[in-house]
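Paired with chain B in one complex and with chain C in the other, chain A is shared by the two complexes that follow.
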Partner chain A sequence: MNKGNRVFVTGLGVVSSLGLEWKAFWAALLAGRSGIRPWAPEHCESFPVKFASPVDKEAFAAAFAGEGLFDEPMEHRTAFGLAAARSAIRDAGFAPGGEALRHAAVVVGSGTPERDPADMLLALDAQGRAIDRLAERRAALNPRLRQNNDALAEMIGRQNGCHGPSLNVSMACAGAAQAIGLGLRMIRRGEADLVVAGGADSVLNMATMAGLLMLGAPSLAENLGDRLSTPFDRLRSGFVAAEGAGVVVLESEASALARGAVPYAELAGFGCSADAYRVTAPHPGGLGAAAAMRRALADGGVEPAQVGSINAHGTSTPLNDAIETAAIKAVFADGEHYRRLAVSANKSQFGHLIAASGGPEFIATALSVRDGLIPGTLNLANPDPVCDLDYVAEGTRAQAVEYALSNSFGFGGFNVSLLVKRHA
Partner chain B sequence: MRKHSPRIVVTGAGVLLPTGGSVESLWQSALSGTSGITPYVSEIHRSSWLKYYGRVDAAACEAARKTIPAKLKRLCSESTVWGVAAAEQALAQAGLGRDAEQPARRGLFAAEQCNLYPGVHPFKEWLGRIDKDEAFDLSKFTQEALNSRALPFVFLKSLRNNLLSVASSLFQCKGDCGAFGQDEGAAVAALRSALFSLRHGYCDQALVVATGSSDEAWTLCELYADRYLSESADGARAFRPYDKSRAGMLLGEGAVALVLESEDSAARRGVEPLGGILAVSSQVLSPIERRRADSTKPYAACLARALRDSLADPYAIGAVCANGKGIHQSDLYELRNIEQALGPRAADVPVTCSTPLTGVLGTVGALADVLLSLLIVRHGLVPPIAHLEDPEITALALCRDGPVSHAGRHALAFNMGLTGFHSATLVGGF
Partner chain C sequence: MPQHTDTQLAPAAGGEAFRAAKVAVEASGLHCAAGSTVAELLAAWAAGGKPPARLPFASDWLPGATAYLLDEPNLRSQLYDRKAVRTLDKQALNALAAALACAKPLAGFADPARVGLYMGMPMVEEPVPSWETLGALGRVGADLAAIQHSILGDTPPLTSLMILNSTAASHIASQFGVTGTTGVFSPWADAGLEALIEAAWSIAEGDNDRALAGASAPTVTPFLYFNYETQGLLDTGAGLPVPGEGAAFVALRPADGGPAACLAGYARGFEPDPQAAQAARRRCMEAALASAGVAAADIGWILFDPLCGRAGVAAERAAIAELFGADAPLCGWHEVCGYLGPAQPVFDVAAAAAALLEGWRVVENPKGQGLERQDVAPRHVLINASGCRGQFVSLVMSRHE
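And then the complex of A and B:
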C-alpha cells in the first residue's frame, strides 16, 4: 500500500559516544566498540547510576566550532540536534541557508527539558512564592534555563534556512523514529521534497536520571564496566543512558534523481501505534509493538517474509526485550520466519539515547542494508529462554538484506517501526 | 481539496478555557466580548508585575479530575487533566464517548505546552523535606529526592507526552498517534498529522488535543524580562490586541480538543459535522528574515500553500481569526502580514481575535482559533475583538463593537509564535 512519492535517505548526521559523524559512528559499530564509561552527575559522586554513554564534550565543541551553531545559550540536546542536522545537510550535499533548502521541512523528536538542580535551587526564593526576585536575578543564572526548550525543529529550520513545515515531536523513546516516519508521510504526499528528520536528547543530568532511576529503568550494576548494556541477555538489568542525536535528510525520488544524489537507502514504510494499556508499562503481549511493525510492513507493501533483519529497540531492560521478542515472533510467525531474522540491538554499544535513540539506530539500519553488514548485539553471554531469536551475538555479520525494520518503543506506550529498503 | 483526498470534517469539539468549560461558553464569550481573564491568584507564585491571567476555573478542573481513575490521576499533570476534560466533551459530541465501541484505529494527536514540569515549583516540593537552615548538600538532596515517592510522578509529568500517554489509555486510542511540543507550532503539527493520518487511511477517527499553561516561574520571568507582558493594573480591558494603546500581553491556560474524521465516515455514523478542515500550512522564519517581512510575507505564503492544497476559492474566505498578542511590534507585524495575505480583499474580510477573551494560550491558542473559525462559519457571524477601540491599521476590517455577518464558505485561522513560526488553517464547507 505504498501511496505516493518514494523517499530516499540522502544525508546522515550523528552525534554519539561512538562518533561525531556517521563514518566514525559506523566504523565503531562494525568494530564492536562500546561508548559506555563510568559516569556521575556533576557534584554528585554518590549517585546510584555509575555508567552512561556520554558524548565527548570537548571533541564535540571542537568538531563543530566553525559552524556558528551555538552562538546563543542552549541545552545539550539542542546543541547535539543542531550539529547532527548540520552534518546531515552537508552530507546530503546542500549548503546551509541555500535556496535548495528553502522549502525543506524539519521534523525532530526531543525529550524532557534539562534541569540542573543547582540552577533550580538558585531560582528558588527564600520566601517561597515571590517571583519578582527571580526576574531580577535571572541574568546571573544559567542562561540555558532561559531557552524555549521544546523548539529544536524551529531552531534547525532557522539556522539552515528551512522554511517548510516545522514539527517538534515529543514521544519519549519513540520520538526520533516518529519524526522520521512523519517526514516520510510529508514527502509521499508532496508536502515537501526535502525533510530534515531525526531526534536529539540528553538525559545525563541528575534530575532526569533520578526520575528514570525511580522508574527502575537504568541499570545499577557496577561490575560489568563498558559491557553493562546487555540486550536480550538473561542477566540484563536495565538500560544504560546515553546522549546525542541522529538526523537524516529524507528526499523525494524526483529531487534525489534530479540532482544526482546517491541515496544510502529507501525509507519504504512507517507504522506507529499506542498500547493504550498503562502509562508506566508496555502491553505484556507486545500488541502495540506488533501493530507498529505490521503497519510499517503494510505501509511499504511488503510481506513479513521479505524482511531480513530488525534493528531492535533492545533496551536491555527485562520488560522490553522479552516483549519485543514476543512481538517479533507474532508478526513473523508465518513459516516461523522469525527464525531467519537477524535481530540486532545497537544499544549494547552506545546505550539508550532516549528520545533520540531512533535516529542513530535508523542510520545504522540504512547503512546496514547498504553495506550488507549487520552490527552485532554485544554482551549477550547468558541466553534468556524467552529471548530466543538470532541476535547476531557473534559480532558484525556480513549478510545482504533487502528490507529491514528499525523499532523504537516509547515510554507511555508508543511504538514506531520504520521499514528500510536497500537502494539498488 | 486534492482530488484523491477524502474530505476531513470535525464531528466533535470540547474546551476547558478561561471562558468556561464548553464550546458554547467560548462562542457566547466571543459574541459578547466577555473576557475570562481575572486577577492573577496562585497558590504557587505571587508577583508585583503579574496582575491578570486567564485561569481555568478551579471547580471545572476538579470535576475533570474526578473523571480520571485514581491510578491514572497521580500520573497526570494539571494540563493533562484539562486535555482529558476537553477530549471527553469532543468524543461525546462525536458519538465516541467512553461507552461507545472502541475502534482500534482511533488516532490521537496531542500538543502539549505544559511549562509546569519540570518547573521551579516541583523542585521546591522535592526540597520540602530538607531543613532550610542547613547548608545545601547536593548529595543529601539527591538522596531526599530519591526517597521521595513524588519524584517518578514529577518525571512522568515532565515528559511532553503526558497527555498522549494518559488519553490513549483512558480513551483506548490504539491507532496512529503523535505528541508535539514547540509553542504555537505544536497544535498545528498535531492537526497536520491528524489530517495526514486520516487522508492516508491510517486511522478512522483522529482526536486532536492541545493543552498547556505558562504559569511557571521561569516562563513568566522570561516573558516579563523580554517586556512581552502587560503590567497594566487596568484589568483585562488593558489587554488590547491591535489597538493603538496596546501595552503587552496577558497569558492564559486551558485545553481544546477536536474529533476529525472523513466526511464519508461521519455520514455513515450519522453524525453532523461542525465543519471541515480544508488545509493546514506553516512556515518558520529566522528573526533576520522576519525583519525583512515585507519581502517574505509568511502569512501570504502559508495561505497560498493552503489554497493550493485545498483547491479552495480565495474569494470564499469570509473571515480571519488572527493571533493578536497585544505586543506592539508583534501586532504591527501580524497586521501587515494579514494585509499582504488578503491583498485586494484586505478591507472587506472581517478579522477577529480571541486572545482578549482567554489570554494568550500558546499552543492551545492555535487550536482554539481553528475551533472559533469553525464556529464563525457555522453561525454566520464574526465576533468582535474585545477591547478594541482605536485600531492600529485601518486598512483592515478589524471587527469591533459587535458581531458582523460572515459571508463566505470558509474562514481562516492565522497563527504565529514569537520566535518565527507562522501558520494558516483553512476551515469551513467544501
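And then the complex of A and C:
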C-alpha cells in the first residue's frame, strides 16, 4: 500500500537520438521516428556493429552552450546527464542554484565508465605491461575519462545547488529506474521534498562495445538498417546500443501544490527484485520481472486490472522479450487482463540506453498517461508466437490510461518496475 | 516534513518510522587482513596489528606505498557454473566470502522473496580493454585495422560483466537464492552506508522481512592509485592512504524483544565546497542524532571515516570535536585492516553491533598514538562515511532492550 506522501513528476529532461528536450523527444516518439542510424567507433569503420542510436554531438553542444555545464573534463554520459538534469530543473520551474533546490536530493544511475584503448596503451612498453611506464605517462591520460560513477550525481548537485542526499545507483540497465524509485521512497519518507532522479549512459565507444559484442548482446543484422531494433518480432537478434539521459524532478504533493506546479503524472509505485538466477541470463520463467511488477502494483495499492499499459523493457533480444511477455502474462493472468494491456517498447525507436534506459522510458510513460497516447512498437512485422500480447504495432494509439508500468531489467537479474498514475 | 536545519546544508533525517522499525543487526561476516569476525579484528588490534605489505607494483611512482592485501578467496569451486565465475573479479569474490560468513541466520529462512540484498561496491579498477587485449594490442603496433581486429579477437567474452561492479550482487543473490528488493550503490565509503540504510528501510517499509547488506573494498591495483591520485586522495596532507582489501556484510532483521543493536537514525547530505565541509558534516551528524532521538552527550562511541574524500580527515575530526568535544571517543579500524572504501562503514556497523551488545569500545588513546580498549558500554554509536566529492552520511546505532 501507498505509505506516505504522494509524489508527482514536475520536471522532465531528455537527451537522446530523438531529441534534446522532452517536447522534441515526445513528438518524435508519437511520429514513429527512428533514432537508429549507421554508426562505427572512431577510426574503426569495419567494426561488426554497424548501427546505433547516437546523440547528435554538434546539436547537443549547441543546445546547451549557454548553460556553462561542460567547463571541466567529463565523460559523454556525464555531459548528457548534466544537460538532462538542467532541462528537468528548468522545466519544473526552478532556477539552478536557487533557494528552492537547496535541500533537493540527487539520485542517478550509472553504468560502466567510458574507456579508450589509446589511453590504456600508455601502460605498455616493449616488454608488455609496465605500470611505471603508465605512471610516467599519466599526464597524457585523457582527463575526460578519469571519472568515477558518482561524478554525475555530484556535478548535478554542485551545478544546481542541491545539498540533499547525493546517491549513485549501480544496477546495470535497471539503474535509472531504480534511482527514480528510490526518489519516490525518499519523498514518501519525508526525507526530501524534491528529488532530481534518473540516469545517463554512453556505451558508444570501441572498448565498451567490443565487450558487449562479446556477450552477443547487440544486433548484427545490418540488412535491417534503421529497422534493426525489433522488440517482440520473430527476427529480433539483439539490442541497438544508444546513448543519452533521462532525468526527472520528483516533488512531494505538498510542495507541488504550494507553488502551483502542474504535474505531468504521479509516480505511484516502485517495485524491484533480484532474479537470483544467472549472471549471464534472466530467469527463464521471468520470476524476477514478475516480482518487480507485482511489487510496484502493491506499493501503489493498485490491482492488476487497473493497469492499462506497460512500457516494456523490450530490448529486442531473443531472451528478454519472450521472458518479459511471460512475466506480464503471469502478473496480469486474472481474467486474462493481459489481453487488454497495451504493451509498447520505446527501444524500437531510440535503442537501448543501458543504465540510462529507464529514464527516457519513464518520461515517455508519464507523457503517455498524461496525453492518452501510447507510442507504438516499431518494426514489429513478424510477431513471435511466444510474444502474443498487444504490442501497439500499428503506431501511436490514442487510449486513455489511468495507470501504466515502466519496466527496466538489468544485466545480472536486477528488475525494476515503476507505476505511473495519470494526474487528474 | 523533513527535518531540515536552518543553514545551507540540510541533511535529510530518517525520521520516526526508521527508528520505530527497530531494525537490528543479526549477524556479521567480515573478510579482511585482520580476520573474519569482530573478535578477530579486536585480537589483531590487541596484538598490535601486522604491518601492511609493500605493494608488488610499488616503484618510484609510489615510493613506500603499502596495503593490506588478501589472497583471492578460493570460492570459485562453490559457484554454480564455470562460465559465470569468469565474471567475478577479486573484489566480488571478497564480497561473496563476507556474505557467506554472515548468512547463517538466513539458512532455512522460509521465504527468499522476502530477503533483500543491498550493497555498496567500488568501481572495478582494471584496465579496459583488459590486460590480455592490451598485450595483444602492444604486439600489433599502430595499424588501426590490426588494433580493431585485436580488440575483437582478444577481448574476453565476459569482460563487460566483470567490469560491471553490480555483478557481485548478482552472484550473491544467486548464491543465496534471495529475490527480495535490492539495491547497489557506488563507489566510495558513503555507498556502504547507503546500502545499509536502504536495507533497513526495506524492512521498515515492509518490502522484506530480512536483508543482507554489505560492501567490498576495491581490489588494490595500480589503477586504484591512479584513481586516488585523480581524486586528490594521494595529497591529503596525511600521507599515503593505506588501502585494504576486504569486504563486510551484516544480516538485518526486526528486533524481536531481546537486547539488540539497532539502526536508530541517520542523515545524509552533500557539500562540494571543502571550505564548508566541517560545518556541513557537523550539521549532518546533528541531523542524524535528531533522527535517532538522542543528544550528542548520549553518543558513547564514534567510528569516523579515515579518508573522507577531498575535504580530508581534518574537517571530519574538527566537526566531531566541535560537536562532541576534544576528547570524543573516536576510533578508526584502518590501523589494523587498511582503508576499506565502501566496506569501511559496514565493518564499523559490525563492530558497533558487537560493542553495543557486549559492552566495550576501542578508542584513540588521548595521550598518544594508537587505540585502547575500554570496558565502557556505549548505548549509542555514531558512524560516519563520506564520498570523495562532498557526499557524507551519518548513522546512529542504539542498543534496544
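In this section, the second predicted complex is superposed on the first by the 406 of 424 C-alpha atoms of A that agree within 3 Å, B and C clash if a C-alpha of one lies under 4 Å from a C-alpha of the other, contacts with A are read in each partner's own complex, and residues count from 1 in each chain.
Basically, a contact is a pair of C-beta atoms (placed from the backbone, for glycine too) under 8 Å apart; a residue touches a chain by one contact, two chains touch by 3 or more.
Only a predicted model underlies this, so the values are computations on that prediction, with no experimental measurement involved.
Asker: Putting chain B and chain C onto chain A via the overlay, clash or fit?
Answerer: Because the two structures are overlaid on the shared chain, the partners are seen to clash.
Asker: For A:Arg102, is the partner it touches chain B (first), chain C (second), both, or none of the two (neither)?
Answerer: Touch partner of A:Arg102: chain C, not chain B.
Asker: Answer with first, second, both or neither: which of chain B and chain C does A:Thr280 touch in the superposed model?
Answerer: After superposing on A, A:Thr280 lies in contact with both chain B and chain C.
Asker: For A:Leu257 in the superposed arrangement: first (chain B), second (chain C), both or neither?
Answerer: neither
Asker: Using the touch definition from the top, say if A:Asp193 reaches chain B (first), chain C (second), both or neither.
Answerer: second
Asker: Could you say whether A:Leu235 touches chain B, chain C, both of them, or neither, answering first, second, both or neither?
Answerer: A:Leu235 contacts neither chain B nor chain C.
Asker: With both complexes superposed on chain A, which partner does A:Cys272 reach: first (chain B), second (chain C), both or neither?
Answerer: Both: A:Cys272 reaches chain B and chain C.
Asker: Could you pull out which residues of chain A sit against chain B in one structure and against chain C in the other?
Answerer: Overlap of chain B and chain C footprints on chain A: residues 3, 43-44, 46-48, 106, 110-113, 115, 117, 120-121, 123-124, 128-129, 131-132, 134-135, 138, 146, 148, 150-151, 153-154, 157-158, 162-172, 178, 182, 185-186, 189, 206-208, 210-215, 272-280, 288, 291, 295, 410-414.
Asker: For chain A, which residues are in contact with chain C within the complex?
Answerer: Per the stated touch rule, the residues are 3, 43-44, 46-48, 102-103, 105-106, 110-113, 115, 117, 120-121, 123-124, 128-129, 131-132, 134-136, 138, 141, 143, 146, 148-151, 153-154, 157-158, 162-172, 178, 182, 185-186, 189-193, 206-208, 210-215, 217, 254, 271-280, 287-288, 291, 295, 410-414.
Asker: Which residues of chain C touch chain A once you look at their complex with the stated criterion?
Answerer: 1-2, 4, 8-15, 17-18, 57, 59-62, 80-81, 83-84, 87, 112-113, 117, 121, 123, 127-129, 131, 133-135, 137-138, 144-145, 147-148, 151-152, 155-161, 163-167, 169-171, 173-174, 176-188, 191, 194, 198, 201, 205-207, 222, 226-227, 229-231, 268-272, 280, 387-391, 393
Asker: For chain B, which residues are in contact with chain A within the complex?
Answerer: Within the complex, chain B contacts chain A at residues 42, 44-50, 72, 75, 104, 108, 112-113, 118, 120, 123-124, 127, 136, 138-139, 141-143, 145-146, 151-152, 154-156, 158-162, 164-166, 168-169, 171-183, 185-186, 189, 192-193, 196, 199-200, 202, 217-218, 220-222, 224-225, 281-287, 301, 417, 419-421.
Asker: Could you list, by residue number, the parts of chain A that touch chain B in their complex?
Answerer: 3, 41, 43-48, 106, 110-113, 115, 117-118, 120-121, 123-124, 128-132, 134-135, 138, 145-146, 148, 150-151, 153-154, 157-159, 161-172, 178, 182, 185-186, 189, 206-208, 210-215, 272-280, 288, 291, 295, 410-414
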